[in-house]
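Presented below are the structures under discussion, each in the form of structure tokens.
Below are two complexes that have chain A in common, paired first with chain B and then with chain C.
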Partner chain A sequence: MAGFLLRRIGGIAVTLLVTSFLVFGSVHLAPGDPASFLLGGRSASPAAVAAIKEQYHLDDPFLVQYTKWIGGVVTGDFGKSATFRQDVGGLIAARLPTTLLLIGYAGVLILVGGLAFGALAALRRGVVDRAVLVGTGIATATPSFVAAIGLISLFAVRLGWFPAFGNGGGFGDRIYHLTLPAAALALTFVGLLARVTRTSMLEELGREHVEVARSRGVPGSDVVRRHVLRNALGPITTVTGTVVAGLLVATSIVETAFGLSGVGQLLVSSVTVKDFPVVQAVSLLVVLAFVTANLVVDLVHPLIDPRLSHAKGGKA
Partner chain B sequence: MTAVPIHRRRLLAPLARIAGGDKLVTAALAVLAVLIVAAAFAPWIAPYDPDSVDLSATLSGSTPEHLLGADQSGRDVLSRLIFGARTGLLGPLVVVIVSTLLGMLIGVAAAWHGGVVDSVLSRAMELIFSFPALLLAIILVAVFGVGLTAPVIAMSVAYAPYVGRLARGVALQEKARPYIQAYKVQGWSGWVICVKHLLPNIAPLILAQSAINFGYALMDLAALSFLGFGVQPPTADWGAMINEGSSSLLQGAMLPALAPGVAIVITVVAFSLVGESIADRVARREQ
Partner chain C sequence: MTTRLLEIENLTVRLAAGQAARPIIDGVSLHVEHGEAVGLVGESGSGKSVTCRSVLGLFPEGAEAAGGLRVDGADILTMSPTRLRDLRRRDASMIFQDPRASINPLRRIGDFVTEGLRASGVSRKGALDRAEELLESVGIRAPRAALRRYPHEFSGGMLQRVMIAGALAGGPRLLLADEPTTALDVTTQAEVVSILTRLQAERDMGMLFVTHDLELAAAICDRVYVMYAGRIVEAQSAEGLFSRPRHPYTSGLLAATPRLESDRPPHGVPGRPVSLSEAPSGCAFAARCAHARPGCTEHEPGLREIDGAQVACLRAEELIHD
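This part shows the complex of A and B:
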């Protein structure tokens, strides 16, 4: 277990190192002078150019620049935003709660919706199963921004049940404002999770141990919960990694579509105005969150299914 | 229009044969055929020029003149939808071709050589996997500016491991088969065996994956155009149309944004149906 953990953390460190190198080095790939690129075409007074050169140590050799930058990043200093004239760290911190709330809300919807629809399809073969298959097929093919405009036109404009834009104040109001965005974010992944749950449960339902449990007279709901769902959780956990990656990036689309000021929207607007320090910081954070989430999945997996224990094969 | 059923049957018959009689897959192939024809012959099919403005029709709903209405600038939505199929399909096509070639090269090379080559290539693929495709595209846009070029390059790289992992897996199985050994004994070079004998045998499964990837690439590229990073307005493109049309949603005009949205969903469903059906058929033949 310790060996596995060390190897995984080593892998993550390599990934982050390469990522940070690419994210930092991309400034130098850009056509033109790095200083004017970092200023994003804004009026470059000699003082501003000097400040940028000072901030990025542009007069040093590349590796020295990188080392100084990454040293700052590790201590939480991402530099200053070119547009907001503020610390990048502060900008992100101010927007993080909205994004985290959105991801958490969507995560709950995905978990509940995906498991419910998947289990429903697996247990009620026939019409219900067909309906869920068609529905999830369409859901997985609906990108979040299409889901967003569909939800806005139906629930915000036609029915007027939910607000179309804005963050809202206070916890309850925020949740209310985040309902449509979370649904738009969740839709694709509900479809994905429902598909995986259905396949995985059907596989278990056909197994002998389920047959035995039934013939022993274990009540139907207990069979489903303790014998089918419990064993079907493996593939469901594996797909979580994919879901997390998709969610993190899709927030930028959904937040833009609904005019929420979150981290994703900050990334999009920073790319638009070429505010590179912010782009670098958010990109690194997304990759960090992604690899961490995958590590957590790998660690949780053997807890759910002891056969996968990373020690010497477990008890099989 | 009275003869429609007969015509339809005659037109769909070859598609149905390709689809192996499956109605859903036949429908999916028909959708793709319509899209390709629309994209190729857009200037002759579209009722209007995609950029021509009819101010009197601005944000009109469905009318006999404008079947899908007109957008906030008075441009015909149906015509823009038909022209939008061009950038909508071209981008993903390039992504799928490049990522498939790249992925096959990496996957087969890793499986064929094994050892150090395999572990280096597999590590590299894992590294790309930990980088969401859309994020890579956004960073490249930040560096190289908006337009289709940067996103298409980013997607081609980001999608290659999906093909590569699959190609490596099936190539490993294939490599263990006796016929490969037989060719080796005959003294054929690795390149010749891989290109002439191994690739044709693993191609159907890779084609299935590429068809599914086409749909995902289409969604991702449309998302980038929606964010304003890909195809730029006023060019007719589904993602860009949704971006422009979303501002008129609150005025009650749904069609300018919803029509391209539905087009995207239908296209992606069609591609994944075709991809899954190819994969199913390969699996059945293996048994």
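This part shows the complex of A and C:
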């Protein structure tokens, strides 16, 4: 088990290193002179240009630039943002709580909604199942900015139940402010998870041990919980892991739409003004989120299915 | 006389209307007395499992059942769902063919054995103690530790013992064993059969033993029913069946069993078994029967009593003197 963890963490380090190189490389391959972007298009004195080039090591060869950057990254120094004239690490740290809260909130909505609708469809074949299929089809196909506009016009403008803008202060108020953004963020993925849950449960419903449990007088609700849902958890966990990691990317649209100052919005604004150090750091964060989610899913799977356990047992 | 433990009278099971409402078993009658071992034999697809499962009120989805079906006098077909659950927990239980598919691979052995007990309201501790005794009685070593292990850590034979322990947990009077040894290798088969018959005798349970192996059925059962294409074609005592089979299908099955004293390979019943829905009019066995006459495809032979045996063959009397 310890060996497994060490190998996985080593693998993650290598993955991060390779992607950091790709991220850095692609940002530098973007057309245009980095110095003029960093100056924000203003015409500047040759001295100012020289200072910028000096600060971002722009005259160094590519590999030297990368080495200097990654050397900073491993010590937690992501460089300075050109637009904010601030440490990138501080910029992100200030916005991370809002984004994490939003992702957590949306994650709960996705899990509860996805499992509930998926289970409902699997267990109530016929009209309910078809209604859920249509509903999840629409949800999955709705882009989050469309969901955001719809939710704002209905719940914020027309009904006035929720605010359409801003972060709010204090935990309760923040949650209140994040309700519509979380719903907009969750919608697509509720549909996705509901479908995965439905398919996985239908497959398990056809298994022999489910029939055997019924033949032994186990009540229907226990059969569903302990035999159907329990055994359907594998695919559900895999999809949930990927979805939650992907939410970090999806927040960029939703945070912008709802005027939340989070990491997603920071990414969008930094891409627009070509604030390379920020874009690089957030991209690395996204990669980190995916590999971490993957690791967590891989650690959870043996808990769900003992046959995947890393500790080997002999046969009796 | 007291009521019979299991009484099936003229049971017909029809599939849902969407599937042309075709019957899969037709007019099946059989009974099991308290403490009696009864065999139900036939080739694959003859309707043995459908018959066996119907005793617990388990029918294919949307299927319709007609006839009489009573366990200890209680009518399964009209029973409330709550009463049926009680019956499944306490009065009658089933051992299935493939233990690896029948026991949830993700849950512990203890969870499987105690499942019915827990559903009946027995405490966790009480159920686990009971499960330990049960595992010991089916010959599982270190039963306490076994309760915490998972199915994939056991061999097929050991898992079938676990299944038997689970079936005995509620203290049933009727045991339904649906090909309990078919999925196992020969040595393991013998062990499982001896455990099953020992426990059946010790606990004085009635048992309906389903198998495609006529010789095995005759060895452990008091009486044997032979089933073909969804109908019972012969019923008599195990010895009678073995020494004087009345139905040509039974003779064919006997010839198909490998014999220790013979060097000849078993020649089997020629032809392919048919299911009830494919069966032609008249005798369903006619296409494979060496004794078939033109009349055989005209009338469906009903069960008739001949010398204490029941036979559904138009020529049963003549063939005795074959």
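Descriptive notes on the structure:
Going forward, the second predicted complex is superposed on the first by the 276 of 316 C-alpha atoms of A that agree within 3 Å, B and C clash if a C-alpha of one lies under 4 Å from a C-alpha of the other, contacts with A are read in each partner's own complex, and residues count from 1 in each chain.
In this section, contacts are C-beta pairs under 8 Å (C-beta built on N, C-alpha and C of every residue); 3 or more make two chains touch, one makes a residue touch a chain.
Predicted model only: the values in this text are computed from it and were never measured.
Superposition of the two structures on chain A leaves chain B and chain C fitting side by side, clash-free. Touch criterion met: A:V268 reaches chain B, while chain C stays clear of it.
In the superposition on chain A, no contact is made by A:T197 with either chain B or chain C. In the superposed pair of complexes, A:I149 makes contact with chain B only, with no contact to chain C. Of the two partner chains, neither chain B nor chain C is touched by A:T99. When the two complexes are overlaid on their common chain A, residue A:T240 makes contact with neither chain B nor chain C. In the superposed pair of complexes, A:P306 makes contact with chain C only, with no contact to chain B.
When both complexes are overlaid on chain A, the residue A:R214 reaches chain C alone and has no touch with chain B.
Taking chain A as the reference, the larger set of touched residues comes from B, when chain B and chain C are compared. Using the contact criterion defined above for the overlaid structures, shared-chain residue A:S20 touches neither chain B nor chain C, since it reaches no partner.
The superposed arrangement places chain B and chain C with a least CA-CA distance of 19 Å. Contact residues of chain C toward chain A in the complex are 53, 56, 58, 84-90, 93-94, 96, 98, 101-107, 111, 115-116, 119-120, 140-141, 146, 149-150, 152-155, 158, 166, 170.
Interface of chain A with chain C (complex): residues 207-209, 211-219, 222, 226-227, 230-231, 304-307, 313-316. Contact residues of chain A toward chain B in the complex are 11, 14-15, 18-19, 22-23, 26-27, 29-31, 137-138, 140-146, 149-150, 152-153, 156-157, 164, 245-246, 248-250, 252-253, 256-257, 267-268, 270-272, 274, 276, 279, 283, 286-287, 290-291, 294.
Interface of chain B with chain A (complex): residues 126-127, 130-132, 134-135, 138-144, 215, 219-220, 222-223, 226-229, 239, 242, 245-246, 249-250, 252, 254, 257-258, 261-262, 264-265, 268-269, 272-273.
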